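Residue numbering begins at 1 within each chain, and the chains themselves are lettered A, B and C in the order written.
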């Protein structure tokens, strides 16, 4: 510490080197996300006859460190859609704030309240929201400043049919009866496709079946994805609205298989 | 006391963090640069007939070895009055990086809609084709990574197919295959549509060989040809499959056909 | 001689609290031929009288499609209207591109409202010399809005602007209760009848001078809304409607008590 009165309390230059003032400049090259830092792993979702089930665990990892174990990665939009985020958590939080603004704007633009709908949350449905997010993500990739996420949007479209779509950090967007991001696309998607290979299959699934499939997939992901957690959020979107549970615990786990696999647990040979 | 003299020479510490090694490794060691492109696979095909054009594409969307979607169309109607494109007369197919392909489609469609708003008539395929080339070339140094094919009917009512590279080189052709399986389908098309390497049996040998007479194909022939071409491509290319989307452009409008392909 | 010192620009209030340039712009709207708009639960229609400057010239267009779900009727300076029309077209295309839906009519009208207001608060600018009726359908159903050069916008069930439009408004007020339940054809007929009220003594509705624009919406059985795109009808396409409101066919319940055509 510097003891001279004119610089009391500051690090001594002869010890730490001269202060690098370039950190204080706000001119100079713009910084962009070059790689994700704190990340969330898979988000999975499947359509059923009258809506969509979507789930993601509550973990935010810092590399291989399980850094934050209570991070909610599902977000409700206008009481009618759910957005699930995989990838960088700070970019997720940026998008979350951005969607808050969008929701407020939409509520202002929405029709004046009527006796039937005293509070109109707006008419931006999941399909509209997905289109908007695709444009946002694609714009950011064009600026070489990507938002490092893969996003699932679950809800209903203009015809009140179940809607499920994905968009990633390059603005690539697609839909499918079931979707999964990250590890989920390799581990959960094959399981979900067994139950909903086509739109017709998905339209025959009941809500209970869909929830069971998703819970089963979350369990498989916890078994095999090292950056996953047994605490997760799950949401069901239907015409009636969104039911979001944010502190679910994986149930009926069985680690019996571990005994037969070398490298798991304690083995003597 | 010398301790408070603050004279570094007299009283300098015998340690320093000044030259501590940087935490980050050497430049480029953990650098993970953002690649703005991916290849979403898939294949497209267009054949011009005497008074029709058939455009086709598979509906699989991949990235790497993953199938993202089994139903993601690559064919788009362009320049209709309304969003459902009911009265459109032009079809655009794109393959490569789908986000770019779809952005390209929306650019072209908006331009066609503004043209209609200003001039009160739809854009001709020829004009649309030239405009598409300009759009692609405008992004010469950050290209749309998309292989586009534009199909419609020309001023005389004949089938017209225009094919493009990602930076806007284009030409009008009789037929063209694009995308992942282009190199598998194109030779088949040369042989079947343009009758390349087909000779009259028994017409002689060497220079005496007579080429089979070229004739315009009928709509039914072309539809079968398209299906055969894609069945072949599905067999030999992992990025092609799931569904076949066809659009038949005639003077009465655009007919859309969906057929299944192998899903493996 | 008296001279108004407070009307040289649109940024100076008169001592009475008026901005004369804005009021003069509102007068320009009254110079334009009359346009009528009505909204029911299923449709929004615009009807207009087109004028020709002289016998030999063509008729000036009064109705313009903006996007597939919105159209406008104009009264005032046509060239100013085109600036607004182009702006609205761009906004609708942009909205459709980013959200994949019809732009809500209210948002669209709010945007031209804000745009026009700017012209009344900056030195050297001139207010738009045109009034609009904006008719369209969106997810909350059919809508009709009035737009004035001051930047004022207001949602209406039925309205008329332009020369002698008071007569048309009187008709609309009288029949207001009937509009909400009207079907497409009935709504057009009400529009044309209102238009007739505003005609000069010996003028008639003809296929040359009448324009009709319609946008509609219907609920499909699966809960989705099907939009009938905004379309303008001119010439022979409006003949049947004109004939159905011809004087000798009238005498129905909807007609007022023999209001004189020219008061």
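Operating definition for what follows: contacts are C-beta pairs under 8 Å (C-beta built on N, C-alpha and C of every residue); 3 or more make two chains touch, one makes a residue touch a chain.
Here the structure is a predicted model, which is why all the values come from computation and not from measurement.
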So which chain is the furthest away from chain B, centre to centre on CA atoms?
C
Higher C-beta contact count, A-C or B-C?
A-C
Whole-Å distance, C-alpha centre of chain A to that of chain B, is 30
Take the average of all CA coordinates in chain A, do the same for chain C, and state the distance between these two points in whole angstrom.
47
Report the inter-chain centroid distance for chain B and chain C in whole angstrom, where each centroid is the mean of the CA atoms.
45
Where in chain A do residues touch two or more of the other chains?
none
Residues of chain C whose C-beta touches two or more other chains
97
If you look only at chain A, which of its residues touch chain B in the complex?
2-4, 12, 14-17, 32-35, 134, 138, 141-142, 144, 146, 166, 169-176, 185-186, 189, 198-199
Please output the residues of chain C touching chain A within their complex, sorted ascending.
97-101, 104, 106-107, 110, 138-140, 220, 222-225
If you look only at chain A, which of its residues touch chain C in the complex?
109-111, 123-124, 127-128, 131-132, 135, 158-161
Spell out the residues on chain C that touch chain B in their complex, using ranges where they run on.
65, 68, 89, 93, 96-97, 229
So, in the complex, the side of chain B touching chain A is made of residues 4, 6, 8, 12-13, 15-18, 31-34, 36-38, 40, 61, 63, 66, 68-72, 97-99, 102-103, 142
